[in-house]
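Note that the chains take the letters A, B and C in the order they are written out, and that residue 1 is the start of every chain.
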Amino acid sequence: MDFLNAHLLSLILFFPTLAALGMLFLPKERLGLLRWYAFLTSLVPFVLSLYLWMNFDPNQPGFQFEERYVWYQAIHSTLHLGVDGLSLTMVLLTTLLTPLAILASFSITDRVKAYMMLFLFLETGMLGVFLALDLLIFFVFWEVGLVPMYFLISQWGSANRDYASLKFMIYTMGGSLGLLLSIQLLGVLFQTYDLLELYQRWNALTDGTLLGMSVSTVKAIAFWAFVIAFAIKVPVWPFHTWLPDAHTEAPTAGSMILAGVLLKLGAYGFLRLVLPLYPVEARAYAGALAFLATAAIVFGAFASYAQSDFKRLVAYSSVNHMGFVVLGIAAAALARGTADARIALNGAILQMFNHGLSAAGMFFLVGVIYERTHTRNLNDFGGLFPLVPIYGGILIFTSMASLGLPGLNGFISEFLVVRGAYPILTTYTVISMLGLLFTGAYILKGIRQVLHGPLNERWAHGEHRLTEINGREILVMAPLMVLILWIGVWPSWILDVINKAVMMLF
Amino acid sequence: MPVLFQSILPELLLLVLALVLFVLEPFWKGERPRSGWITFYGLLLILIVSLLFGTPQASQETFGGMIRFDWFAFLFKMLFLFGAAMTALFFMDHEVLAQRGEAYLLLLATTMGMCLMASANDLVMLYLAIETTSIPLYVLAGFFLHEERSTEAGFKYLFFGALTSAVMLYGLSLLFGFAGTTSLPALGAMFASGQISLGVLLGILALIAVGLAFKVSVAPFHFWAPDVYHGAPTAVAGFLSTASKAAGFAVLLRLFLIAFPTHQIPWPLLLAVLATLTMTIGNLLALPQTNLKRLLAYSSIAHAGYILIGVVAATQLGIASVIFYLIVYLLTNLAAFNIVMVLGKELGSDEVTAYNGLSRRSPWLALAMLVAFLSLAGMPPFGGFVAKVFVFAAGVQAGYTWLVFVGVLNSIVGLYYYLNVMKYVYLYRLPGEDEEKHPIALSRVTAIGLGVLILGVVLFGTIFAPWFGLSDQAARSCCCGRKPLLTFSATAHLVIFALPGGQ
Amino acid sequence: MQFPFLSVIVFTPLVAALIILMLPAHRKNLVRSVALVAATFDLILSAWVYLTYLTQGLEGYHFVEQYAWLPALGITLHFGVDGMSTPLILLTGVVMFTGVLISWGEERNGVSAGIQDRPREFFAFLFILASGVFGVFASLDLFMLFFFYEIAVFPMYLLIVIWGWVVTREYAAMKLTLYLFVGSVISLVGALAMVWVAYQNSGVLSFDLLQLEKAGFSPEFQRLWFLPVFLGFAVLGGIWPFHNWSPDGHVAAPTAVSMFHAGVLMKLGAFAALRVGIMLLPEGAKYWSWLILGLATVNVVYGAFIAFVQTDFKYVIGFSSVSHMGLVMMGFATLSREGLLGAGLQMFSHGVMTALFFAVVGMVYDRAHTRHIPDLGGFAKVMPYAAIGFIIGGLVSMGMPGFSGFIAEFPIFMGVWKTQWLIAVIAAISIVVTASYIMIIVRRVFFGEMPHELEHHHIGDITPLDKLAIVTLCLLMVGLGLFPGLMAPMVQRGVDYILHLLGGA
């Protein structure tokens, strides 16, 4: 137990990688074995993170379960891991979604071994970002997660996968250039990458000149470099154009992870790095951020409404929902330390978690129907409810969570964001509320076009007859639905952790 | 053994050998190779005997100051003997030369002349030695009476040789006229005192330089070399371009260093100009050559230019590097010429295109050629590299950085044409691509000769310390304390492109 | 007396070359076996040297051997390795080993991979080259450094011209040789000048690098000679605008030679430029560092863009080498702790990576008989090892964290930040460009549909030896990427010494 407690985070972080390496020794023809191996091994980090959740003390300030290993001593970077309430939530989300995504991928038959290995690598990449307390390590995992995702899209994606995967890769890498350069700047200045130390020393640096410019100018540039990198990942309008392509072309499980976790990396970056490192700049530019967030909400909703591709519709909905996260962050940046800001932040973080659940669920459901019909065109569907009532029910349930129906999780978090942001950014919040209206519109449009209206006879009979959602697929959805309902009805178990973290951090 | 004999021991023994050959030769009608073996073993014996009994202890003058007996002379003599022995080997592989006993006699005669050149300490002796060397060479160059080319070569060589020789003789007589002495050290002392005006000295210098420039084929007196090398029997051309050139440089060093003090007469600068010209002309003209003998002829002109850099430096290191270079050059170029000879015999052509597919027909010969050519190009681990570095080092040390740069750039041009030849040897193929069916036979004598030479090239390129030590010792004995060991020479102030900031 | 590791490492290939030459030409597999044994032996020894240096946490020069060679001129056969050169010794061992594996090849089903024509001469020349490379990395004597440097250069000509790509080999080989020779002899003149001035200053004539470091050259002298010396060597490092020989040479060379060439030889230039240029003339380096930095930036950015527009598979890699070697030069030019550290690591990382690249390119070419990227496709299915190897190499190339490229490039950029932040911003563009062309190539060549013409070629998987080579190279890159502690501390100590020479800059 001592060993477990002392190395809990590194176990969670590296177990998937070890499992993936172990997979090398499995025969590639035994598809069943490979699938179950991947699924079961991915459950281990989940169990471990549940253990972490139980043993985490939300009242204790600072980071817990800290671990520190020598990594790149020559440039003073250490493998420094730790969790607080913020990252803990995200870790839980990641370790929960990964087994579900793997379970969802049981229908993959092409190169299963490579696919599962990439998924496990991806999990390590994502967890690393949430667990890192060293700026360089953060960046390492930030970038390294791209690789498996890139190959998941480019190898197992649909028709336009080449374009989409390259766009995803280049966008994100290009976006992180500024981040990379700013990290280097920090490293050169302070000879350390340790976040805790950087928080203090970088903030202590207020006047004087740097690189021939005033410190405030440099800080402003570095701030925007960070923001752009994270904004692309979130994605904030107008940096979102990679997202519909990537989501649409990715395999189902890829989209689940992409929407469920990868987008959160960007938001997490805002919370973990931008706000603590650039409080002054964040306050100064919060208006711009809020504007972008509002634009994301409104345009995301509009764009989503305009889609005739089911998956693209869901993809744009992510832009819309993540806009609320950024809006909350912008509000917190502007009025840091006030109760309103904390409410907004609570909402933003909860929204990250909630969107992870509902977006993953939505993408999975799109995948389920796509696997059966091989089309995602909304106009090809219609009136499917009577054919597949269970599927229809699940779809409506998940959609309602996404829409923000009171009683389900989406309502709680969006309400908190709006409640917190309203006194701070009134105009933007009001416009966002209007955007929320369109959220309802596109979700209802989606449901209508798929489940209601005149039945497309094609799916009713013969070889194309639509089959009901099967047990495995329900198994994927069940935990998501339980959580959606649970948080919607009784959110305090998670909000408590988040709120305490927010109180301590901001 | 008395010093008197020691000082001319090789020459005496050569004379004995020549007499033996002269007497015995008529008895061996029809079994010619014996003359060759006699010459070869005789020369080796002389080499060994001289090494055992003829090594100089201290620098001495004998025969009333006519002969100087020092390491400088000794080393050169050994070099000539070795070169002659190797050449005798290659003569045996030549269908015409092997049949004619007088070829070996002439070879011995010219070797004797060269030995005397290296040890001459007096203008009279010097001139006699030069002529003793030249006349047999004229004959050897034109040895094939039935071949127009060979006759032309012999005549051309004779004509230009006689002409430049006359000019030099005029210079020498002027020297005597002004100085009243023919002894080199005495001349040196006289010029050092500054009694003779610089203008006169420069004039005399120029006249003498003409003769010596001809011998070592320095521009602008180089133009005979390609035609003569091309026309003369290849083995003779090899000897001409190596031993004869070395002898010329021996005289050049001796005369200029002893008789003409550098602080009085700026001859290094004049020679530097000549060196530039020689290197550049030799290399540029070698570029378009397709006949290997002509290519080697131009390359040997270029090498004279590199060697001159060491002479220009006029420091002890300079002289040592010149001697080292000459030894390496003798090994390398003899090998190169004789490979060309063997192949010319087998292939019936010296054109480079005839070498197509050589590496498949005879991998060993190709490898030997590669080593020789890379050494000429100045690539390690072969002697040519080390020699070039020494010469350049001497140049830089003496402050002639610009000249070294010229040399460096020239060696790049050289690399181009040497490598180009290797392309034919290794890359191009015979029509039909069945080279393995046409192997090239290698006679025993050539195999031995080339083996020794190539081994020497590698040895000089890797374990160079003993050889450099010898060269250094010879250099020290030559300038007899006039130049302190390895310091900046007095010419440094003449340098155009000086080393700045060397405090 | 300890076992003379370095001289054994340096001379093993030479001896092996001689032995190979003695073997009968038609016993091709015997020739290859001897080559493999020698290469393995050298790899083990160099790994031993590396591990010893690493695990004992050594500092300064070790495994020192010194034999008088030419006392009159102060030339000694002086071997020794420090933190900078030890990784390069290992690199050479690795590339030599994998190069032999790759050249073994096979001849069946119309695939003629590896070296089938005159392997005896091939391995002999290759090993002479390897000997020269080892010699340069191990030499602590200026004369010997040049000696081995030239030995490393000239076999290249023969290797390319005889076994190279028929279309351009003659042109490329000659161009390469002349470029490199010009560079090296110009440096040589500078080196000779250094020796004499040092002699004049101190009265001790020595070619010993450790002596020359203490020579105390005047600033004027250093400023005058730094550029010729540094650039002369940097030609081999592929510095712009003298990089022109390199892509042509890479493309024309046979696979193993390209591996050697880009993998090790370019490092030779960079290393010598550092060892002689920067370490002996620190003042000059400080004075001219802005120029080197500028040239290197052009290398990095321009090289990446040129690579992007190539359609010949091998040219892409060739220009990517130019771009990556620019990073090494950039690291040097910063003259800072981080920059030099990164440059040292990048030399190793790029060496392994590019050797892998060229190995894979060779395997594809042997099977497809074309390198025109649009005519290729679908190779991942037939040769998955090669594809995965190339992908890993590609990730290294684009500086992906977790791989050795990141470990190397990151400190270089830090160094540049310290020196001139604008350059860092400009050079960072190359990362994205590199990522694009690598990803495009991976997609075009290894995935997608295999063109119909190619399916007639009976394209089969690569041989087990090839796989071994690829796995070896990949393990190094990933291992170093995950655990920079395997190399960085060593290089760091090497850098500390250089900084000490630079006057604690």
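The rule is short, and it goes like this: contacts are C-beta pairs under 8 Å (C-beta built on N, C-alpha and C of every residue); 3 or more make two chains touch, one makes a residue touch a chain.
Quantities reported herein were computed from a predicted structural model and do not represent experimental measurements.
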When A-C and B-C are ranked by contacting C-beta pairs, first comes B-C
Measuring from CA centroids, which chain ends up nearest the centre of the complete protein set? C
Report, in whole Å, the distance between the mean C-alpha point of subunit A and the mean C-alpha point of subunit B. 82
Express in whole angstrom the distance between the two chain centres, defined as the mean CA positions of subunit A and subunit C. 42
Distance between the CA centroids of subunit B and subunit C (whole Å) is 41
Expected list for subunit A, residues touching two or more other chains, is none
Help me check something: in the complex, which residues belonging to subunit B touch subunit C? 317, 359-360, 363, 367, 370, 374, 377, 379-381, 385-386, 389-390, 392-393, 396-397, 401, 404-405, 408-409, 411-412, 415-416, 419-420, 422-423, 426-427, 464-465, 468-469, 472, 486, 488, 499-503
Would you pull the subunit C residues touching subunit A in the complex into a rising list? 338, 341, 395, 398, 400-402, 406-407, 410-411, 413-414, 417-418, 421, 424-425, 428-429, 431-432, 435-436, 439-440, 443, 447-448, 484-485, 488-489, 491-492
Report the residues of subunit C in contact with subunit B in the complex, numbered from low to high. 21, 25, 68-73, 75, 118, 121, 143, 146-148, 150-151, 153-154, 157-158, 161-162, 169-170, 174, 177-178, 181-182, 185-186, 188-189, 192-193, 195-197, 199-201, 205, 217-221, 224
Show me the residue ranges of subunit A that touch subunit C in the complex, using the header's touch definition. 70-75, 136, 139-144, 146-147, 150, 154-155, 162, 165-166, 169-170, 173-174, 177, 180-181, 184-185, 187-188, 211
